[in-house]
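One structure, as structure tokens, below. Some questions next.
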Amino acid sequence: MRAYCTVDELMAVALARTIEDHAVVFNGVAVALPYLAILLAQKTHAPNCVFLAGLPAGVDPHPPFLPPTAGDALLLQAAVVTLPLHEIFDLAQRGELDRSFLGGGQIDRHGNLNNAWIGCDGMRVRLPGGAGAGSLSCFARKFTVWSGRHRGNGRSTLVERVDFITTVGHDTPAGSRSALHLKGGGPDRVVTDLCTFDFSGGEMRLKTLHPGISLTCVLGNMGFQPRIPGSLVQTPPPTAEEIQIIRRLDPLKVRQREFSPRQLERKFPVA
Amino acid sequence: MRAYCTVDELMAVALARTIEDHAVVFNGVAVALPYLAILLAQKTHAPNCVFLAGLPAGVDPHPPFLPPTAGDALLLQAAVVTLPLHEIFDLAQRGELDRSFLGGGQIDRHGNLNNAWIGCDGMRVRLPGGAGAGSLSCFARKFTVWSGRHRGNGRSTLVERVDFITTVGHDTPAGSRSALHLKGGGPDRVVTDLCTFDFSGGEMRLKTLHPGISLTCVLGNMGFQPRIPGSLVQTPPPTAEEIQIIRRLDPLKVRQREFSPRQLERKFPVA
Amino acid sequence: MGVCSGRDKVVSLREAAQVIRDGDTIAVGGALSARQPLALIREMIRQGRKDLASVGGAHGVDVDLLVAAGLLKSVQHSYVGFENDFGLAPNYRRVCQEGGVEILETDCNVILQRLRAASFGVPFLPMPRIAGIDLLEGNPAFRVVACPFTGETLTAVRALRPDVALIHGLKGDRAGNVHLPHPHFMDGLLATAAARTVVTVEEIVAEEEVRRLGVSIPHYLVTALAERPFGAHPTSCYPAYAYDRRHLAEYVRLAKAGKETFQRDYLDAYVNSVTEEDYLRRVGDGEHFARLTGWKDGVAAWQEVFAE
Amino acid sequence: MGVCSGRDKVVSLREAAQVIRDGDTIAVGGALSARQPLALIREMIRQGRKDLASVGGAHGVDVDLLVAAGLLKSVQHSYVGFENDFGLAPNYRRVCQEGGVEILETDCNVILQRLRAASFGVPFLPMPRIAGIDLLEGNPAFRVVACPFTGETLTAVRALRPDVALIHGLKGDRAGNVHLPHPHFMDGLLATAAARTVVTVEEIVAEEEVRRLGVSIPHYLVTALAERPFGAHPTSCYPAYAYDRRHLAEYVRLAKAGKETFQRDYLDAYVNSVTEEDYLRRVGDGEHFARLTGWKDGVAAWQEVFAE
């Protein structure tokens, strides 16, 4: 019988695969997908990845299950040690943080993100704020951008220009990353519910389409035209082992909470 | 029978009496006399004194006995908590350190101290260094200066001009304390084996003579003329309780190690 | 004066809340769903404290509640929300969008460095350059500076010294020594950065017990200490209790229902003219609290907390 | 690169000492009479390491020995000596007075702030103004700066990033997690400030045991780790052993006797061409070491250590 997974699982695997072995990785507030991705990477292709886990600041924790809030002591369980939070930012300031995961309420072609305000004046929507993403986007060697709201949001997630920059990508109205003399390298991958991107010349370039997703669908849900390479490949499917690990790590299915029931109806093949 | 104490004990009591109740007090490297003074003050007139104890950075420790080295874990025994060393300096930088105890290889009339080099060029003697006294002398609200080498050192301890300033007093060749805009208030008391001083107009002023010590003796062992008030009083004698506490705190008599046998022959009455 | 050297810091919750004065800049301990001093915050609401500025990292129900009750004139937090759990913070969002509170955009690390500057006794600290992000624009807490040694371009952030840090710990003693369970978040830094530090603890015990557990905040940094069991409720205070997801769900439901409903069905029902003892009785029965304290009975019991 | 993410850091003492290279700036852990990585230092002497710069706080026999053996080209320590115990450090004093080593005057807090700057990834840090003290004169590590916000005059100190931190801990595991017993002095800061961190421990044990005791330095900060029982001797490594006052007295006696005597009767007898096992055998018999490890048998036994 052919096995299937859902979009949350496909995305967790795609996020995990952006982690190199030996990378020092941090994730802060938003919990489920990046946490799962990092824990998964440690258990598969990146056993030497160092995981600095969220606000509790546990090093290499083994939570018995994933909580829906990053403030929970679950993220310290069986950790090597609990660090003072500032040690994580110090490490980032020293240029030793290899990768961070930054989610975007809005994402533009340069990888700038917005988690502060959407809309202007009369019609503003207040988002929660950027947490530590502003600093991390300046300092981390690389970061992975992610959003589970590519499809069905009326081009409002992937936008030509973000309304407010909480997280700096490769180019901004104030100048390019190199002109701004930032320590970090900027985003190198974007993972959405429809596809993945990398960057070329500081602009998002479509890299892979998730199984069953067409280029038209991807572009129809975006407010800008990304770079498109000559040949487009499919996002490599998760392995059965990866899916099994994810389901074991997250029995409460916290990973699905940011997706609509309709999104979760989509099935993707497992390799 | 009349009770007597020795010069080390007299000095420890005189040092203790420079500590106000509720003062936050630090002492670093040189161990015996200031440590004894602080522990004694806590057990007598300054029960609310907060003691930040040396490099081990124990808060309010109760060492079973005094060691001859401030690196020893003895100075953490029964402490409320062991702080990271930097928290002590942070507190001093915030202006919250009420008093420090700073010993001087050389002491001048303005309360500048030297623990780096004595002599010039061909004939230099290397001292151990100022430890944290440079910073502390700038930041602490007040500090007590002490030396057990007033007598018999050929005017080489209390000198007209120190050869090198490791610890800043009230006036220096670079300007006065207020002209230098330093945070702390400078030294307010000096305790030696012969007498005690306070400061008037930024200069050392004789305050009390230890029992049996004459003004001539004090001045004859100094390289400069201190201010002298109209009436000179005797250093108030230690109480029997104070001496008992000192002897109980320091059964190894570490307090006597910096004194010569001849110095220790001197007897002082106990009240 | 951060230092407070007396050896009896114990006060009532009412007195503890009086350490916070109208107009103060407050820094609330804990983070997100964990160890926030909510009994103290409820008492501040009862006492009608006003014109406060709240500064800090990633928070949730504490800031949302303070905003809803109208105590805050400004918010300088890196994040206010309920994450994957309940999403946006409804009162915070509503009042922000109505312009009822001033928002000063910030970032966890920036807040941390600004508090650090205060804790280090310096008026500013340099950071490796941050640029390109809009929170910098027109923000008086930032300057571009050149390193006096290397010439390198850096970002300087201004020291931020809160008037009061509000912290909830597990145990404390009469002198004010406090044991915080992990995670600590920025609490230690708040205590050294702030001019005053008010602490509530689950239990006041003998000094020996606090020392045995580990003193996280030494007595001389604590201005006042009150005993308040379940003082962090509905956030967690491990190992005593996990967060109360059922109560938070109710909170979010009422907050989403709008200003009037929230005033009547939450603020009046759970906070105003309600003692802390009554608050806990209204929140749930013994069985409910047994579930929150029973997280340690095993993974299944712990999962149940998150399934409510 | 401070970070070293592999999960097997265990090397021999010989290999550990090879992490330090000629010309490096080293930061030695411990302080005064406590927890200095002396086995590592003896091995560096055996290997003939040279042209090192040593930076740090208040130290004793470690710096004196390094100076005596000619490994150091410069010393930037706030204090080098034997306190009330044995007074001045004889080799250090002699070589300084002969001009055989460059002395850079400094101060504990200045060293701490300079290491902090490196640990924070910034090229400088501001301090409240220090002035009037002669260590500032012509010292390129200091600048007077104005606060960009308040205009206040401050002292800026330059970041000091050691090439290697040398630390001795109680226990460590294969991955490099290290438990340091208290007092820690500046050791944690050294590990984040330095480009590499070499650690010796009394014993390599399972990760669970290090975690249970408390990880003071997490694995990813550790470049290499070697097991070396009595690796801090003759300084203390509580709770394993107190300092060896008898050996230090002998050390000071030989150091005071002058360069030739010290070379022959200490360096040749205890360090050069002597393995660490032989070193310990020459230091004392089982009874002698039983006294050092027996400090915990009570106050009388502990006092005996200091009476030797």
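Letters are used for the chains, namely A, B, C and D, taken in the order the chains are written, and counting of residues starts over at 1 for each.
The rule we apply is simple: contacts are C-beta pairs under 8 Å (C-beta built on N, C-alpha and C of every residue); 3 or more make two chains touch, one makes a residue touch a chain.
Being a predicted model, the structure only gives us computed values, none of them experimental.
The greater number of contacting C-beta pairs, out of the two interfaces B-D and B-C, is seen for B-D. Seen from the C-alpha centroid of chain A, the farthest chain centroid is that of B. Chain centres here are Cα means. That of chain B falls 28 Å from that of chain D. Between chain A and chain D, the centres computed from C-alpha atoms are 43 Å apart. One inter-chain figure worth recording: chain A and chain B are separated by 59 Å, centre to centre, where each centre is the mean of the chain's CA atoms.
Along chain B, residues 92-93, 95, 139, 183 each make contact with two or more other chains. For chain C, the set of residues that touch two or more other chains comprises 121-122, 127-128. Chain contacts here follow an irregular pattern that is not a line, a ring, a star or a complete set. Chain pairs that touch one another are A-C, A-D, B-C, B-D, C-D. Of all residues in chain A, only 28-32, 55-58, 64-65, 67-76, 82, 84-86, 89, 92-93, 95, 112, 116, 124-139, 164-168, 172, 174-175, 177, 180-183, 251-252, 254, 257-258 touch chain C in the complex they form. Contacts from chain D toward chain C in the complex involve residues 121-128, 143, 145, 147-150, 152, 154, 156, 158-159. Contacts from chain A toward chain D in the complex involve residues 22-24, 47-50, 59, 80-81, 83, 87, 90-96, 139, 183. Across the complex, chain C meets chain B through its residues 1-3, 5-7, 118-122, 177, 192, 207, 211, 214-215, 218-220.
Listed in rising order, the residues of chain C touching chain A in the complex are 30-34, 57-58, 60, 77-85, 88-89, 92-93, 96-97, 103, 105-110, 112-113, 116, 127-135, 153, 181-186, 188-189, 235-236, 238, 242-243, 299, 302-303, 306-307.
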